[in-house]
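The structure is given below, and queries will be raised subsequently.
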């Protein structure tokens, strides 16, 4: 286990370093799909649910538990598939090495973050998973790419800042007990800063998973950059936010209020993403809204678990995420394959449709298994109804996506991602999901085949399909919103206002830099400093 | 009323090393001037090598005995004479400055060569003399315990920095040097006024004696104010940074590296020495909020200004303005009761910031110098093609940037983390927000530059080739900053060896 | 009577100092500043600091004044071209400057307790060194380390000035920024004064061990003589690369360092003098320093080397 | 001791004047002059402190007096470098100004 964990983090970094040596570059570019291979060593842990950890010199520690292993398994497979797709796509392109560099850095962080066992490692690997993505998004250098890259980078850096604040407060709360995640989380319930830590954790990781209203960057980001990159970013690296919530929300303590709020925020995101996605005409943007919706459901389940104090919620959410990792990545790869210039064969459209409806819980798909697994945690009643509504929304959204895919005119881009890539990814999703069901839930997978269960799952899909049909039949022009809707408006406002603010700061700086002002300030500082001290000392 | 005498501290074994650290560069300087510039590099190499050995030996002795090294010059004890003393932080800074000076010298080795068989060259004589004088002055500032002796050290450091700034000629750099000189001399005059008042009040200039008798009377408070403000001017804390960006951007790369990494730290070191060791009872963390406020402004405004620079060297220089700001939180963050965990954390964080910034910034300035050499300019918009041509330079810049942004593993992260822990544990929310915001802004400007470096080259641009050796020097310095991040995040005992009370 | 004199001197100092700050014409300001320096050395006599008074007259007023006159002569026309800060800055500057002045003045009345002094300890051990002048004792015995470093500062000032030469002029002759007069009176003075000045400089240095005076005062006299000779064109100005000139520059610091290091051997401390040899060693050192200081001061005033044609 | 008090006041006043001149006088040579005035004021204060410490048969404490001598030399060194810089700047730019924006067209 332990060598596997380290190799998984170090191998991509080592490959990135070897890019310095020009003769090796073509080979490394060709081997992108091999970089995540050490992660396969850790695959068994997803089934056995064991727990292993190691602490290195200097307090760096790494752990492997079931939620981490589940996310890791799916992400490793997606990175391998994506890596081979990317290598093929890169063949003969200029600047291959640059793409490979950012790819490998993101890969190291994206997989490493699932096994980070202490606050510092987590922070470092999380940053590695988030920040280098910028290089992938702006790879082609177009105006839209640059804007999307800037937004993504801003979201990543601000997220880093929020998380750092949370981590420092955790360290302060657990002063003297080390920085292992387990240790600091133990101290959380007694911490005077517990509320603010929770707020920072939810906001910081919420930014990563596009929790409404922090979702504005996601449609922009997923609409730009090469599709091979978008596939891994949307499928794998977005789960850094999920593992963050899993690790840094309390496990053993029931927190009804905090949990309830997270549940509400997650459900709101789930519905919001499903509805607002319908206003988009770009299939990439639609998939992004679907991510907002799906990741929102995962957050909601974690919130429900926190409210009830159910530690099992972590594994369940990770299990549900497995399907999203590979299928979301797969659908982006489909768009890449589609752009090849051929008409998409019908069997592919059907397969894509089935897999996409898996997000809505279409029976027998991996997604349906995920929904069955978290049903107990999510609970029934009003919450259950809302989850069902989200499934209805997902159905409508995914059918909208399929219409767009069918209608899409193949672009002139000479992209060449093989259809095998996306088919492989969705197949892996289904296989993993079926084979893991009993390991995670303790219930035989046959449960999913019961007619009652199938009916219950089918209902929202049918309702959604009817709504979609009704929408299509009315033929009313649907409202169009810019990708990222209100949040993009807000970001746009900040984008326009910030140069003005920065201009103000630089003007102030220029003014202060003039000799008379600066020297005057020096003497004023002297007077204030002495006066402050003198006032404190009586007499 | 003569002050009651303190127990006399005699020279310790190895104390003479401190004299060597200060005087050997001066000997080399005299030899350089006397023999002419022709043997300059040999003399400098020997002097810096001795310096490295001396600094390492001092650090080992301090660590070994867990006690400071002391040397009573001429055998005359204070208050009449001058005593040199190296505690943990002195030893640390001696090692840091010896390493960075040696690296900068190696980097500048070819640029400031004396052409064989030609008459003595100006560049060679001036640059190497200034570098030697800087070495001497820095060691003096790190070890002297006499306030007037320290004044001479401050001036020596400034006068050594001026030729490095002005060496390239041209109206811009000469103006920068003049600004620097006049503002720095203003600062030293205020400092001198402060120590005049201290002598008037206590009849001694030895820090240990002052620390033992200091009382918060009017003269002492005024003195502390003058001394502090004078040193602020020399440290270029915002808004007293008017001289720093043009001076640090105008010097040759190796010079900029030393100026940004070490020279501003000389006066900062003295400021910390004064408030923590000379007037420890005078320091009320609440009154120091003013310094923290200026530090916060430096972080925010310096970073934003860096973000908007068009020239790489100016961006790096403004990053120094911002990074200096972090160091001023220490005056508020270290609580007065010694031995406190928070105190140790803040203290260690501040010194890590000083050292990590020294290495990262030296690496970054050297990288920026190589960039300018490769492209023939340093306009940020036109940095394209660098990553393909000189990946090591880009790597050096990136790693230095990592430390400045405060991402782990790097010394910059450890420093920022510990400062944050101290700030939040004491409820200084505002300063914590500033520290975090500064990291976000640093991320923005470092990434802005990196993405330009990664871009495709503009058509028809000729890129020059630079030597592998100098690229490795820049990279090596950056890597030191990175490896510092592997230290455990807890107070470092070495930094408290020999601290007064 | 004496108080009246002191009061008048105080008012004069403030008046003349203020005038030099407020004068619009730079040359006027500089000449007033020189006069101010002379008044100040008078003040130093009044507070029993003869050594300082001599130094102030020689360096603070003389050498500094000379540098500033040269500068004002060259850049005087700038006065019309620089922009003055706004009225608000003037007012604020006036307020804060007044606050600082009043604050410092107020400290005169609250300096704590009895005056502190090291006069006693200085005199107590001065006998060991054989010196008669306590100020020389402080400079060369107790705080010789400061004095040694101050010599390095002086060398560095020279490096700083030389760094401003253009590369093609390097190795050339320090450009006397003074006007070259081939004037018979000047030539006569330049031929007759230096021998007297030289003797006087050596005397001042040698006497400095026991009575006010010393290397700096002597060095200034020497520098003045040298400059006179150069300006009158009686002797050629040496090149900055001349080995002899370099030797003269470093002679003082070399002797100082050598004696300092010899202290390690005997009596075992850096910058300590062997029992009984203090005074002769100090006198030797001071004479070497006088030479170096004279040459360095002259070179600092002469400025960076200029091309052959400019000399 | 009235001389000491009077000269202390003179020193304070000179420092105030110099600070004012340093802030408002735009030309670097004027600033340099103000700096020298500031220095002389500081030295004078030190001289007064020496005078207060008259003891052991001396008219003043010799330690501050010696330090002032060193201080004067250091201040002179600064002046020499500054004059060199401002003359070079004058030569390069045609006018010696310290703020770029002070260069009136």
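Lettered A, B, C and D in written order, each chain numbered from 1.
Convention: contacts are C-beta pairs under 8 Å (C-beta built on N, C-alpha and C of every residue); 3 or more make two chains touch, one makes a residue touch a chain.
Note that this is a predicted model, so its numbers are computed, not measured.
Chemist: Counting contact pairs per chain pair, which pair wins?
Modeler: C-D
Chemist: In angstrom, rounded to a whole number, how far apart do the mean CA points of chain A and chain D lie?
Modeler: One centre to the other, that is 64 Å.
Chemist: Measuring centre to centre with CA averages, how many angstrom lie between chain A and chain C?
Modeler: Roughly 70 Å separates the two chain centres.
Chemist: Report the inter-centroid distance (CA atoms only) between chain C and chain D in whole Å.
Modeler: Comparing mean C-alpha positions, chain D is 13 Å from chain C.
Chemist: Give, as an integer number of Å, the spacing between the C-alpha centres of chain B and chain A.
Modeler: 41
Chemist: Chain B: which residues touch two or more other chains?
Modeler: In chain B, the residues touching two or more other chains are 80, 148, 152, 155, 159, 162, 166, 169, 174, 179, 186, 193, 197, 199-200, 203, 218, 222.
Chemist: Could you pull out the residues of chain A that touch at least 2 other chains?
Modeler: Chain A, residues with two or more chain partners: 514-517, 519-520, 523, 526-527, 530.
Chemist: Where in chain D do residues touch at least two different other chains?
Modeler: If we look for residues of chain D contacting two or more partner chains, we find 15, 19, 22-24, 26, 31-32, 45, 49, 52-53, 63, 67, 70, 74-75, 77-78, 81, 85-86, 88, 96-98, 101.
Chemist: Name the graph shape formed by the protein chains and their touching pairs; answer line, ring, star, complete or other.
Modeler: Contact map by chain: complete.
Chemist: Can you name the residues of chain D that touch chain B in the complex?
Modeler: Answer in residue numbers: 15, 22, 28, 31-32, 35, 38-39, 42, 45-46, 49, 52-53, 63-64, 67, 70-71, 74-75, 77-78, 81-82, 85-86, 88-89, 92-93, 96-98, 100.
Chemist: What residues on chain D touch chain C, complex-wise?
Modeler: That would be residues 2-21, 23-27, 29-30, 32-34, 36-37, 40-41, 43-45, 47-63, 65-70, 72-81, 83-88, 90, 95-97, 101-104 of chain D.
Chemist: Name, in rising order, each residue of chain A that touches chain B in their complex.
Modeler: Chain A reaches chain B through residues 19-20, 57-59, 94-95, 97-98, 120-121, 123-124, 127, 131, 134-135, 138, 141, 149, 153-154, 157-158, 160-161, 164-165, 168-169, 171-172, 175-176, 179, 193, 502-503, 505-506, 508-509, 512-515, 517-519, 521-523, 525-530, 532-534, 536-537.
Chemist: Which residues, counting only chain C, touch chain A once they are in their complex?
Modeler: 85, 89, 92-93, 96-97, 99-100, 103
Chemist: Please give the residue numbers of chain C that touch chain B in the complex, ascending.
Modeler: 103-104, 106-107, 110-118, 120-122, 125, 138, 141-146, 148-150, 152-153, 155-157, 159-160, 162-167, 170-171, 241, 243, 246-247, 249-250, 253-254, 257, 260-261, 263-264, 267, 269-272
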